[in-house]
Structures are given as structure tokens and as C-alpha cells.
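Per-chain residue numbering starts at 1, and chain names A, B, C and D are given in the order in which the chains are listed.
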Amino acid sequence: MQKDQYMLQAQYAISILEAKAKIIDEQMSMKYNREIMRSVSGRVKTPESIYAKLMRKGLEPNLKTACEKLNDLIGVRIVCLFLDDVYKIAEILTEQKDIELVRKKDYISKPKKNGYMSLHLIVDIPIYFDQNKSTKRVEIQIRTIAMDFWSVLDYQLLYKKDVSAAEKVGKELKKYSEEIADLDRKMQKLRNKIEKI
Amino acid sequence: MQKDQYMLQAQYAISILEAKAKIIDEQMSMKYNREIMRSVSGRVKTPESIYAKLMRKGLEPNLKTACEKLNDLIGVRIVCLFLDDVYKIAEILTEQKDIELVRKKDYISKPKKNGYMSLHLIVDIPIYFDQNKSTKRVEIQIRTIAMDFWSVLDYQLLYKKDVSAAEKVGKELKKYSEEIADLDRKMQKLRNKIEKI
Amino acid sequence: MQKDQYMLQAQYAISILEAKAKIIDEQMSMKYNREIMRSVSGRVKTPESIYAKLMRKGLEPNLKTACEKLNDLIGVRIVCLFLDDVYKIAEILTEQKDIELVRKKDYISKPKKNGYMSLHLIVDIPIYFDQNKSTKRVEIQIRTIAMDFWSVLDYQLLYKKDVSAAEKVGKELKKYSEEIADLDRKMQKLRNKIEKI
Amino acid sequence: MQKDQYMLQAQYAISILEAKAKIIDEQMSMKYNREIMRSVSGRVKTPESIYAKLMRKGLEPNLKTACEKLNDLIGVRIVCLFLDDVYKIAEILTEQKDIELVRKKDYISKPKKNGYMSLHLIVDIPIYFDQNKSTKRVEIQIRTIAMDFWSVLDYQLLYKKDVSAAEKVGKELKKYSEEIADLDRKMQKLRNKIEKI
């Protein structure tokens, strides 16, 4: 498979999932009469980033290996306002018959060591392209705006070279991750109270 | 089926076809190294318009009848620059395995009586929505920008009440339709010459 | 002045301020090498909402009075990631010579009674329209995404009819406003630390 | 002036003119009750293209000379449906007090030698940026969709190296330019007739 063809198919897979997310957003907004999603965005991993990841894992650095071994070549991120919506969105997405759930990683109930929180769905989605049908693997990240805000600092920290300084700040950042999780829970509870008034 | 559900499914069908059109546009742009599509747009027929059409045809004015009997409830329009691209786009679209071609109406080789030109593809496309799979019928209109320009005047004429005055102008408009067809053919031939230089 | 003309001029004023915000966003992103704004949006107060506000204030309910007495007929909201950026954006905006600052209300250093936080700039901006120059008053709200998240619940509470239940929940919401302010300060400090690594 | 600063100011000038065009489009659409503009787009000349043009003119290849001597560093293109709208748009734009018309070149009444048609307005527009006010020169091209279609082929021809072959095709293209002008006039006359029914 050519690189150009791969990019077009990846973009098409992203378009399909963005269309699905948009419809779920409208459906839930009508049902619950409030804002659900803040943003939906997609990205294809750059060749440089793929290369680096394959080398780090000791794998052959080519597109074929990448497609077989990496789950996050194609990524879609859904940012919503409230914690419970994260799970509702995931449920509606995965019950659709053309989406096959490969794995669910709940980094909200069990955050990563550094404090990172998000619900990850690794899914396979059929792509009809030219005369062929193929399957594309996509990593869908669903998170609240509070978690998304946190991840901005986490990302800034990622590329620092002074490891010991970064580790120290990282500990503080992890603590805030817990505060953010706490705030998300409280805001959701309050929203439930408001809806009952 | 509820009206809201119908609208969401219709919008989803439009999103899928817009995504397909966008990818075909990029594919062809890369292959031929020139601009292919000028615009892609979708619309769902309004309830008023559905009602009027059903009444005109002597059919029961309800959504069930509309879905069964009308082919143009959901419409997607692709406007491209050159005549030959109309057919290439149609070919790539219809060879995709998830699109079932119900009927092709070539109003370019054989324009409507009033001079209207466009290639119409009536297609069925599977929609995965909630836990169900259903099929949506969509009318895809593919035309050049020259044909699209012509149709602006044709549309203005449609709602005139002075029938005899409208008919007179309609004849003149039909003549221009032929001039436009002629211009499209000449511009395409010239493009072919330029590409060979 | 006609209502249509008013709407067009209001939309034009919003476009100018959105263009300014977009350029400031790019300028600051380049300078600080990080994401600055998350969203910029504008809205014109609806006739119903204008009418209600004028009646509440015991004023004549017409467009002339509204333009003279209300500062928030035209609103632009800028949501950014970090606390210090709120003030930097405000500074760059107000030092532009075509923007006249009428009043600054700092509801961040001194939140409203209910806990609402935002920096409000009431500005006058010249509008060149047809052959005339006029001045439009705009309320620019600048806030962090955390403050913006808080305001979603505050807004839901606004239209509840059970006053005593709403008041009780309102107290809790106010408390979270302080937690959010606290979190914003901590996240900014940590960002500063990260930038120094 | 730095290159980055120049780009931001140029983009800001484009945003202002796009906002003006959008408002004029709405104003005219309401007044005449039909579609006016098909697209509005802006572009800043690339450094490569600036360099080539300065060298061709025997001028010093630097940004200062470019800003002083070239009128088309910043360009905005407005494509509308009908011929008379080209002139109406130009009139409304140039009567605005913050736009200073430097020169008008009517390549519609008097096409370029190769057949190129468009109305060009060279204008100066004040830009309030940071604490300074400056003036940016912009070339606004206003044309019909038919003229715009023609220019696609003209542009393809521009980079051909076989000069004699290109010249031959160029003559044919020029002839079509006249046919397109003729068609534009006839379509406008017919639109006038339809509006009177």
C-alpha cells in the first residue's frame, strides 16, 4: 500500500468517526437538553513519530509493521463536559454494529502512573475505498475538558531533557490530576442536583 | 420512526457521502494535479416540500410513504470544474462496495425538457445507527459549475405565477443551456490540449 | 436605524473583534510556543432578551434605548487555557488604537456574589459601514476554560423556578468557583516551573 | 519589520476585507433576494513569488522594496454570480470611509491581451495592530464564476515551457473568454427579465 493511499484511507476513517461523534452529540444534546461535547478532532500519526515508536519497541521501521503492531496510528479525541458523558458516549459508539471494539482501557477509573486520565477505545472500523473493503484501527480518546486541560501540561513535560527536574514537577502534576478528578465528580453531582430542581 | 431520529440519520448519511466526496476530490487532485471539485453540499427535504410533493403525486402525506416513494428526500450535490470529471466522480463513487446504485439518470447526455443538466445517481447507503443497521436512499447530483450557474436562473423561474411569461423566458433559458453545454465541451478539450503541452 | 441594518453592523463588529482575537492568538502562540486560546465566539443579544432586560430595568423597550443603556447587546467571548493569558490578551486588545476601553470589570480578582469569574472589557469600536462611520459597544468576556466550565452550571441554575432549592445548590456552586480559581493558579504556577526546566 | 509580523498584519488585513465582503453579501442578498457571492478568499504572496517578481522588474529583492513597489502582495478574491453584481460590490466597498481606492483597473470592459477578465481594486486599508496604526495595500479581484472558471485554464497555461504551443492554445482560450463575456451578459439580461415577471 502506498503512503498517499494510506493517508487518504486514514483521513476517511477519521471523517467517519467524526460524523458518528457529531450525530451522538446531537442525539444526546436533544435527549438531555444540555451541551455534551466541546470538541472532536482527529489526527494521523506522523511518519517521524511512527518511526520513533517502532525503533523504541525494537520493531522493523516500516508501514506494514506499523499497521500491524501500533494501535494509535489513527486517533480521534472527543472532549466532553461531564464525567458520566464520557461513558455514555463510549457506550453509544461501541454498540454500533460497524464498530468492533478491540480493547477498552479505562485510564479514568485507573489513571496512568503519571496521572493521565482518559477513556481509550481501540476499535476496528470498515472502510470502503475504491473497489475494496479494508479495516482501519483507530484509538478513540474520550475525556472531560478538565482532563484535557491537565494533559496540556503533561504534554509540555514530555519533551524536557532535565529528567530529575521533570520528575519533580511531574509529581506535583500528578497530584493536580487527583484534584481534577475530584472536581469532575463534584461538578457532575451538582449538575444532577440542578437537573432535579 | 420519530421525526428527530429521521433527521439525525439523514444528516449522518449526508456526512458519510460528503466524506467520500472529499476523499475522491483529494485522490483525483493528486492524480491529475489540478482542482477537481468546487463544492460539496447536502440537504434534507423540508417537511413542507415533502408534503407538497406527496400531495402532487396523489400519495398519502406521511413520512413512511415519503421514505418509500420519494428518491430525493436526502440530496448531495457535487459541483466540479470539468465535464469529464462528472463521470469520473460518478464511477469512483459507484464502484465502492457500500454504495448500491439504484438508478442513474444522465441529464447531461439527455437534458430535461427545460434544459436542466446534471448526472443523477440514486443510491442506497447503509447507516449504522444506535444498535441498528438501516439503509438510506440518497440522490447525488453531479454537475459542472457552468451547469450549476444555469440552474440558479432555472430555480428563480420555478416559482413565477405568470405562466405564459415564464414559458417565454424558459425557452430562452433552454437555449443558453445548450450554449453552456457547448462551452463545457470546448473548455474540456482545451484543458486536454494544455495538459499535452 | 432599521433592525436588519443593526444586525449586520453588530455582526460586522463581532467579525472585527474575532479577527483581532485570532491574530493575538497567533502572535502569542508564536511568542510563548504554546496553545493560548481554546475558542472565540460572538453573539448578538436576541430581541426577547433585550426586551426582558429593559423591562427589568424600568426602561423604554425600544432599540434606541437599548443601544444607549445596555453594554452587552454585542458580546464576544474568548476562552484561554491559563490565568495570566487572560490579562495579557486584555492588555494587547486594549492597547490597539481603534479600540476605546469604556470600562474594565475584573470579576476574577473580585468574583460576582454567585462565584462568577471572568474579565469583562466594555469597549467602543468604530465601524465603517456603507458611507458612514459609527461606533459599536461590545462586551468582551475573557476567561479560562475552568471558569468557562463552571459557568455552564451557573447558567443551568439561572432558569430554575424553585428559588430556595436553587439558592442551596448555588452556595455549593460558589464553593467550587473558589476551588476552580485555586486550581487555575496552581496550574499556571506549574506551567511556569515547566517552562523554566 | 519582521517577516512574522508582516504575515500577521497581512492576514489581519485579509480578515477585515473578508468580514466586509461577507456583510456586503448579506446586505445585497437581503435587498435583491437572491444569491450574490459564491466565494471570498484571501492569500498572501509567497516569498518565492515576491522574489521572482522583484527580480523580473529589476528591483532590490527585499521586503521593504516589495511593500513599496508591488500592489498585489496581499490579495482578496470575490467571486459572484452575475456581471452587474461585480460593479455593485465594488461600489459599496469603495464608498466605505476606511478604504482608500488607489486605483481601479477594469479588465472586464477592457480585458487583458490574453483574455483575462476581472475588476481589480487596489486599495489601502488602515490596520490597528499592537500600539501602531499602519496601512496595508490590498488587491481586490472581483469577477463572475464564469470568468473565474476561465482563469483556471489561463493559470494552467502560465507555467508551460513550450512557448509556441502555449501561444497557439492561448489564442483559442482568448476566443472562449469572449464567449464567456457574452454568456455573462445574456444570463444577466435573462435574470432581469425573470425578476420583472
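Just so it is clear, a contact is a pair of C-beta atoms (placed from the backbone, for glycine too) under 8 Å apart; a residue touches a chain by one contact, two chains touch by 3 or more.
Computed from a predicted model, the values in this text were never measured in an experiment.
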Chains in simultaneous contact with chain B and chain D: none
Of all other chains, the one whose Cα centre sits farthest from chain A: D
Length of the line joining the C-alpha centres of chain A and chain C, rounded to whole Å: 30
Where chain C and chain D are represented by their mean Cα positions, the distance between them in whole Å: 36
Between chain A and chain D, centroid-to-centroid distance (C-alpha), Å: 43
Residues of chain A touching at least two other chains: none
Chain contact topology (line, ring, star, complete or other): ring
Chain C to chain D touching residues, read off their complex: 4, 8, 11-12, 15-16, 19-20, 22-23, 26-27, 30, 92, 95-99, 128-133
Footprint of chain D on chain B - complex, ascending: 34-35, 81, 145-146, 149-150, 152-153, 156-157, 160, 162, 165-166, 169, 172-173, 176, 179-180, 183, 186-187, 190-191, 193-195, 197
